[in-house]
Every structure is written in C-alpha cells, then in structure tokens.
Amino acid sequence: MNHDQMNDDTGAYLSENRNWGRWGPDDERGTINLVTPERIVAAAGMARSGRKVSLSRPFPTDAGPHNPQPALQYWNRTDIHHGGGHAGDWIGVYAHGVQVTHLDALCHVWDADGIYNGRGPDVLGFRGTTFGGIEAWRDGIFTRGVMLDVPRHRGVEFVEYDEPVHGAELEEILEKRGIELQPGDAVCVYSGREKWQAANPDKPYGRWVGPSGRHEYPGLHGSCNRFLREHDVSLLVWDMLDRQPDAYQSGIPFTVHGAIHAFGLAVLDNALLEPLADACLEEGRDDFLLLAVPLFLPGGTGSPVNPIAVF
Amino acid sequence: MNHDQMNDDTGAYLSENRNWGRWGPDDERGTINLVTPERIVAAAGMARSGRKVSLSRPFPTDAGPHNPQPALQYWNRTDIHHGGGHAGDWIGVYAHGVQVTHLDALCHVWDADGIYNGRGPDVLGFRGTTFGGIEAWRDGIFTRGVMLDVPRHRGVEFVEYDEPVHGAELEEILEKRGIELQPGDAVCVYSGREKWQAANPDKPYGRWVGPSGRHEYPGLHGSCNRFLREHDVSLLVWDMLDRQPDAYQSGIPFTVHGAIHAFGLAVLDNALLEPLADACLEEGRDDFLLLAVPLFLPGGTGSPVNPIAVF
Amino acid sequence: MNHDQMNDDTGAYLSENRNWGRWGPDDERGTINLVTPERIVAAAGMARSGRKVSLSRPFPTDAGPHNPQPALQYWNRTDIHHGGGHAGDWIGVYAHGVQVTHLDALCHVWDADGIYNGRGPDVLGFRGTTFGGIEAWRDGIFTRGVMLDVPRHRGVEFVEYDEPVHGAELEEILEKRGIELQPGDAVCVYSGREKWQAANPDKPYGRWVGPSGRHEYPGLHGSCNRFLREHDVSLLVWDMLDRQPDAYQSGIPFTVHGAIHAFGLAVLDNALLEPLADACLEEGRDDFLLLAVPLFLPGGTGSPVNPIAVF
Amino acid sequence: MNHDQMNDDTGAYLSENRNWGRWGPDDERGTINLVTPERIVAAAGMARSGRKVSLSRPFPTDAGPHNPQPALQYWNRTDIHHGGGHAGDWIGVYAHGVQVTHLDALCHVWDADGIYNGRGPDVLGFRGTTFGGIEAWRDGIFTRGVMLDVPRHRGVEFVEYDEPVHGAELEEILEKRGIELQPGDAVCVYSGREKWQAANPDKPYGRWVGPSGRHEYPGLHGSCNRFLREHDVSLLVWDMLDRQPDAYQSGIPFTVHGAIHAFGLAVLDNALLEPLADACLEEGRDDFLLLAVPLFLPGGTGSPVNPIAVF
C-alpha cells in the first residue's frame, strides 16, 4: 500500500464507518455509551494497589513559541478581620489547541457532512452548542484504561515525524503485550512527546493559530481510526496528536480528530503520559482505572481536565 | 450551653486541635493524607451498581444578585478546508465565592496564626502560592463518600437561617442511619440549598463581595468542626456553607472554613447535592465512591471541579 | 398629547427619519460625518482656559447588585536584574451595559429593519462585525460639546423615574441658556445619575442581564430622538440612559438607543457628567471641546472610553 | 567615546538627573506637569486643517511568535423583542509588552532606588498601586506633538539593530528640520518598525516573556535619555522601543524605559507612526496636536490607548 492509498483509506474509512444513529438519532454521548454500568463496576476493580497518577500537564500560562494562546492566571490576597484573610486566583483558558490537557466535546469538529450524528455546525451559536456539548459527559468518564506505549514497543525515546504511529502498530502492541481490548476501554497512546520536545527545543510542538506559519510535528496517522473503531474504544488519550502536516490528508479536514465527528469518539488531547508509562512499568501492568471528568460547562465545546489513572 | 459558649468553643476548638505537624512540618496535603492506598482500594469497592452522579452546579455565567462574580464563557466557530471546521470556547472563572462548585486549596484561608502547617499568608505572591497550593492534590481525591442528609433527618425541605446545622446533629444522623465513619472518608452534608433558594427568590445565597451590603444565609455552625476533626474526615462536600453572618463568630475570621487552616481539611464548596441525596434514597445506600479532581494549576488557591459519586 | 401618542411617535419617528444612505450606501461613520474638518478646527478653538475634565467613571471592577458584569483587573509585580523590576496588570471588560463608560458602535443594536444603513444583524459573526464596527471611528471623535444640565434647569438634584427627560425639555434648555446648536455638535445630557444613585442605594441603576428580574430606572424619553435628529447631533453623551421600563415602548426594541440604528448616532453611555456640570458653572460656559477616542478594536461593537472635555 | 563609556553614561545620567521632588514630594504626574494650561491652549492651536491620524496599532488578538501574550476578544449577538437585538464583545488585554499600543504609568518600572519620586515597588499590591498609577493622568494628555522621523533623516526605510537611535541624532533632526522643542512637548520618534518587521518576517519584534529565548531587535539607545530630559519632553511616543539586548546595559535594569522612574516621563509604547510620518510629509509640518487618553483604571500600571494626532 502506498501513501496515497493510505490517505484514501482515511477519508473513506471515516465516512463509511460512522456511528451516527448507532445509539439513537438524538444521542450526544457517542462512544461513552459503550461504558455501561457493568463496565464501570469492572473498571473499579482495576484499583488494586491504590496508586494514582495524574495525566495532566500543568496549566499552560507560560507564553512562548510553543504556546501561542497562553492560559491566564492571576492572584489576589485579602486581609479581613481578626488577623485572618483569604487568597484567590482567577483563571482563563481556551480549552483546545496543543498545550492544555483537555477533553473535546463531540461538537468540536466536523467535516463536509457535519458533526457527530449528522447535525450541522450551526448547532453552535453565540450562547454555545445545542448538540454535542461537553455536558453530555457531565457525570464523567470512568472506565478501564490501557497503555499503548509506542516508544517502548519501538525501543526508542519518542515518535518522530517521519515515522507516524499507524493503526497496525497499535495492533502489534496489543499482541506483543497480550492485551485484550474490550468495548468501552480507553486507550492511552504514549508517543514520548515531552522527550521529543526536550530533544527539539527549536521546534515547538503545534502550529501557530495565526498567520505566522506552521511547523511539522510528529503524531498519529489516520490509519489509527480503524483501530479505534474496530475495538470500540470509548476514549482516546494521547500526548502527540494527529501528525501535522499530513501530505496525504487531501480532501478531508481532519485525520485522527475525524474520529470525533465520525465515531462520536471521546478524545483527550495533550495528556501527560510519561509518568503513566513509567507507572505501568513499575506496577507490571498495562491497564488501570481511568477517570476523566470534564467541568460542567453547559454548551461547551470542551473542558480542561485532569485525568487520573488508578492502579 | 448558650450561644456565646458555643462561639467560644469554635475559636478555641480550632486553635487547640490543629493538625499542624501531624504529617510532617512540610506537609501540604492535609487530611488527604488519611486517604491511604488501602482506603483508595476500599473506596473503589463502593462502585457496585455503576450509577454515577455529578455533584457540580452548572458553570455560573448568569449574572445577577445571586452571582456577583459571574464566570465567563465565549464561543467561536471556524470554517477550514474541505468543508470542515471547528468550534471552541474560552472560559474564565474565579474559583471561590458562593456559586461555582470548587475545591479550596489549603492556602485559601488563614487566621491570625497563619495558614495550614504554620506558614504565613505571604507564601502567596504575584505568581501564586509556594505552599499549600491546589497542586498538592493533583493526583485527585478518590475516597469513600458518605451522605449526611440534614433535611431528611429533620423532615423538612431545607435548612433555615435560624436552625444552623450543628455537629451534634451530624452525629445523630450517623447514629440513626447506622453509618460508621472511617478516617479518610469524605462527608457530603446536604442542606437543601437549591430548594431553599427556590423558596427564597429574593434572598440570593451569599453576600456581595463589594461594598453593597450583605445578606443572611443559612448553613453550618462552627460546632461542626469537632465532628470533622474527631472523625478524621478527609473532605467536606457541602451545598450550604458556613452560616452567615454568625453573631457568635466574634474573634475569629472563619467558623467552618477555619477547618482548612486548622486541620488541613479539604473543602469542596457549592456542591450540587440534591441529585446525590435522591440517588442515595433510590439506591438504598448512604455511601459511595467519591471523586474530586482539581485541575493541575501550579500555585493555585483552588480549582473548579466536577465531583462525581459512583454507586 | 398623551403618553400613548408619545409612544407611537417614538417608533414612527425612528422609522421615518433614518439617515440610511445619507452619507452613501456603504457609510459606517454615521453622524460622525457631520464633524467636518472645519468643525474640528472650530472645536479646537473651544480650548481657551486649558482646563480639562474626564467624563469617565472608574473601571467598574466592584461586583454588586449595581454591577452584574464586573470588569476584571489583576496585577503582578516582577523583580528583574540589578535590583529593578516591573509591574503590570491585566484587564477584561464587556464594554456595554449600565456601568462602564463606553462608546457604542453602529452595529450594536438593531430593530426589525436592521442596523444602520440597512445591513442585517448577521454582519456580526464569531470573528466580529464586518459593518458598523467601532473602528469606523478609529481616528477619534473631536468636536464641540454642549452641556444640557437637566437638574439645573429643573432646580432639582436629579431626574426621577416619573419625570423622564423629553425632547421638548432639551429645547427649553437651549433656549433658556441661549445655546445655538450646530450640526456635528455633541450634547452631554446630564441627569444627575450619581446623586440619584446615592439617594436610592437600594435601587441599583440598571436591570439584571440574567433571569433575576429588573428594576425601574429613570432616564430619557423616546421623544429625545427628534431633538437629536433635527439638530444633527453627532454624539450623545449621557449619564442616565433610556428610561426603563417604558410602558410606551410597545412595538419597538429600543427608544433612545434606537437613534443608533436609525440615525447612525454615536452614543456614549454611562458618562460621569457631574464634574463637567460643575466645571461649566465655574467656567461660566455651556460649551467646550469634547474628545472621545475608542480603542482600535477591529470588528468591535463598542469600546471603553475616557471622554475628555477641554475648556 | 566608546561603547562602554556610553553605557556608563546611561546609568549615571539616569541617576544624576532625576526629577524626583521637582513637582513636590507627592507628585504622581511627572513630566505631564510640564503641560500647563497655557501649553494646552497653545496645543489646541495646532489644529489647523482638521486632519486626524490614529497612532494605534490594531488590538493584537492574533497569536504568534510576534505576540506571545495575545489580547482576547469574543463576541455575542442576542435577539430580543420586536425583531430587535444587540451585539456585544468582551475584551481582555495585558497592556504592556511589545504589541499593544499603550501608555505606561509611572509605577510600571523601577531600578534599585525605586520608582518615580522615590517610592518603593511595594506600592503595588494585589489591589493595584497606591502611587504612580495611570489614573494620575485620568484627564488625558493634550499637548503639542513633534515628529522625529529617523528613517527620513537617514534616508533609509527603517532603523536596524546595528545602528540604534542616539540622542545626538535626535538633536540633528531638530536642527535639520528647524524644529524648536518647548517644555511639555511630546516627541514621536519614528523608527520604521512596521517596515522593519515586514522585511524581517522571521524575527518577531520583541522577546519572549517565558523561558523560550530572546531575539535581538532594533530601537533607541540609552543616550536618548539626555535628549528627553534636557528638552523637558512630557511624553515619548515611539514605535521601536529600547534596543534589545543592549550589550552596554550592564548594571541597570532599563535604558530608555529608565526615563519613567528617573524623570517621571510618560511613555507610550508600540505606537503606529508610519501613517503619522506620511501625514507630516503631506501636510508639510512637523508638529500637531497630540492626544493620548488612558482609560480610568484606578490602581492601574498602564492602559491601552489610541493616540490621535490632529493637524
């Protein structure tokens, strides 16, 4: 198969394998429907040692080439009566882009056929979205998570631009590690982003939002969509995102992010996965309880989130 | 005991029963230390039916007398290539006050003797706190939660100003319901706030931050501190807060919120507890797994949070 | 004339006396076209004593019933090398409503027939307006200003709800004071707002943006539109706004604010006019040079502004 | 004179020529005191043709390497009764740095001896500054402005890093153009910044705020301080700022920005001066009325501003 065929596959695969209507014509929860009460109870059983790991990067307030839309945080401190006082802080954040750890709502992206379940993008107006908002998951995501450690599989430190992660490689990891995925599982695809960034200080991960040009950055290939769809993954947690730019992306607006509108897949961008990969090694396990709870933002297109793995 | 004695008790109790140094002189986690790995694993065992309930109020963007510091949320929608596009929103919030569901960091309040573990309030500077920040709990709070349903106990709809919740009453609820608290448990003290607000539309819950006056509002009495301390509660989740104003508060800056600086107690303000109270009735249970995961905000004094109960 | 007739007059007057097309079909500057270079030079001649007065209220960061959408301001202070340092602050503001002194762009309001010059409200999208934005006045408003001091005329401290300011009264003030208005002049209609608020501490000026109810507040009657249109006023500067609610407003969305979409009138809300009224008395003059310079906000619907009078 | 001597001059000149106490020990207006009522009236006489020019760059919302702290702007549009509606936008900005056109308050910078008039930097707390805030100029700056067009003088398009603007060169421009500066005048030092940026697309003007490195950029040399001080300039308006980094800056925190704390000089950063330079050529004049009116931000360290020149 050559790269152009691969590309044709990505666009066609997304269009031909939608989950639209699978959970009813008005469903807004997408693949999170796969996390049934039984799966929740089973996931709770993953907590066996009580070790917890945060998968959140720090709130990205540091401006720079790597962070074109820095989050805001300002403090105050107030003395009150009787020698007491209180301190507070105000935060502001655009919960998308390539820095902040966040969960995308199903209304976040669309292709020419629309957002998940066939709605048009005009569901989003000046007061928020009326369909596919982040509040569809307001009771949180609580499921079994599985680590797919690409650098460990490859014997390298991190994924590079010329070698994107393909779906077939994720299958190989399952087989090699003896992992059996079940419908509703979350997958954490670790690509070594923090180490890649440290080794490439002059290449900020991500492209500029404005007119100031773009950069190449490594990540996942569109062939991962088949993996996500066939295994009925509920949630994709990743540190590197869609490989950009993708010369083979002609004709479609998104490659792996296309799973959001096509499958109704919950996608958690910019996770901090190195500590989780380390914990998996130390615990001698590939699976754990995974928690990802968005803020209750009515009409919201996403939410900053601090995902937690419990061993 | 008359009210003045009660008051004396509150200030004295806080001063005489501090947890400063209990987990070491540099500890920043406070009562969350009580949630040991064993308690985490036991808490996971609470998930038996797989039912989940969010304890978060919606993001409070609606300005009004009840919400003097409204949160901000603005949207955009952008068409890109190939008929696709993406939508996003920007949020801003001051994660304290009487509306937004949030977790207070241990640096949030102090009395004349300082914040938790004896630091001075000057740990908080223009770039955030260097002690007792919300990131001390960045791996989340995951413990057994227990419902203490005051209206149910009283046979009323909600708590009123003239009848604050006392610690002795919380003990009665434990006894009547046959609940045995264990160190590290979270307690959810439900006072019927949403129903109280609906019945008192002209009395916004909370006082104005600015010079515009203050209102009376119902809540918990300082005597609850003894309950929280003696049971080694790790986390207080409540819908009504400290009863305000408290005529018996003379000499101390905070009553129940004083547990933060004195005991290092994790406190989760403005929770939405009515749906949880209903679920407890329907499930025939008083306990559940409780999750409360703050955002990873380095130096932060608190975090908006969407707490989840799992049955 | 009874009040109902008055009301009919307001809606009909606006519809029948539009300035649409007067300065060309694509004009976005509205009545500011009346401030010709000759008028600018003449206005400069108003500066005779060199006394300056700010007409801006302070940035409204104080939350409260009177200020449902408080502006934000947070500071920092940073030490750098050699014992030096710098301090900064971040501000955020929604430059409409009843508190912040601001200039409305011509796209700000519309009736069923559209915004100024016949465009539809859909000129405003997620990236701002493409017509009638505040940048149409990016080179500032610089014209002769005239004080119309209603309390002085009435011999009272402030305007009250039951006695709105009518256009006929503004004509009387001109006549009594011997003022001759010229096309392109700005008028400052002083109604004594700050004194009214001080005398009515329990009635915050303005209504709540959210569902929390509304208040009566005093201001100008729709009959002022005829005054503004017939005198070819370029800019209305006022402390009290449209009297609200107006029982005679049936059938139209705005009364005096309707001058924005109908006449293309520049309107400067929530000015601080008491110091200017005092200065007029002390200087023995009713006119001055008036400056109102919006920020250069492309696509913006308005701007906070600090208007200046120069005697 | 070699470069090291130059450097010694800058630090020594600032320390030895302070205006501290010149207008009283509690003065917070600095050089704006030089703009007397007589100077205001004389400045008004500069308005002879009625042409106005904005000196503001557009609100810098476009994120990118050139703009590490982008300003925020979000819109909404609301339908109300009778077919009408209104549109609004929310803006947020940190009014310092190298993009937004803004006026620095006198508290903005300090060296080891303090801010203007000998106060310590601790005048700035969590609720703003108590000395030298932007509200000291709340009645606006209104004075004669003079163009100092460096590229025109040099016969080049823009100033480059290797050839910073020196004070002696500004004197030459005065002499060549036959300009006589008077105490209280504003000077607009045009260095061709926009053309420089267009010719150097890969060198964003300004350095990163965060840890991501810094760039060289052209601008004014510390020797300009003598020019500003000896001519009793009230306001410096410039497009390029202090040349950075300055190898000769050892021992002092700021070079030209040092005029703020030493002389109490009003400084207006990131002005858009190319249109003004063009207008000067077309009008055949080097002087004009200059307006710079900050927002009324109590306790503020600066303000976004849209300066206007009137010919």
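Letters are used for the chains, namely A, B, C and D, taken in the order the chains are written, and counting of residues starts over at 1 for each.
We adopt the following convention: contacts are C-beta pairs under 8 Å (C-beta built on N, C-alpha and C of every residue); 3 or more make two chains touch, one makes a residue touch a chain.
Not measured: the values here are computed from a predicted model.
*Asks:* In terms of CA centroid distance, which chain is the most far removed from subunit B?
*Replies:* D
*Asks:* If I rank A-D and A-B by number of C-beta contact pairs, which comes first?
*Replies:* A-B
*Asks:* If you average the CA atoms of subunit A and of subunit B, how many Å lie between those two points?
*Replies:* 30
*Asks:* Cα centroid separation between subunit B and subunit D, in whole Å?
*Replies:* About 48 Å, centre to centre.
*Asks:* Any idea how many Å lie between the Cα centroids of subunit A and subunit D?
*Replies:* 44
*Asks:* What parts of subunit D, by residue number, touch at least two of the other chains?
*Replies:* 72, 75-77, 90, 92, 126-127, in rising order.
*Asks:* Which word fits how the chains touch one another: line, ring, star, complete or other?
*Replies:* Graph shape here is complete: every pair of chains touches.
*Asks:* For a test of understanding, state which residues of subunit B touch subunit D in their complex under the given definition.
*Replies:* That would be residues 72, 74-76, 90, 92, 126 of subunit B.
*Asks:* In their shared complex, at which residues does subunit A touch subunit D?
*Replies:* Within the complex, subunit A touches subunit D at residues 62-70, 72, 75-78, 92, 126-127, 204, 208-212.
*Asks:* Over in the complex, which subunit D residues touch subunit C? Could you list them?
*Replies:* Interface residues on subunit D, with respect to subunit C: 36-41, 43-54, 56-59, 72-73, 75, 77, 79-96, 101, 107-112, 121, 124-129, 135, 138-140, 142, 251-254, 289, 291, 293-302, 304-306, 308, 310.
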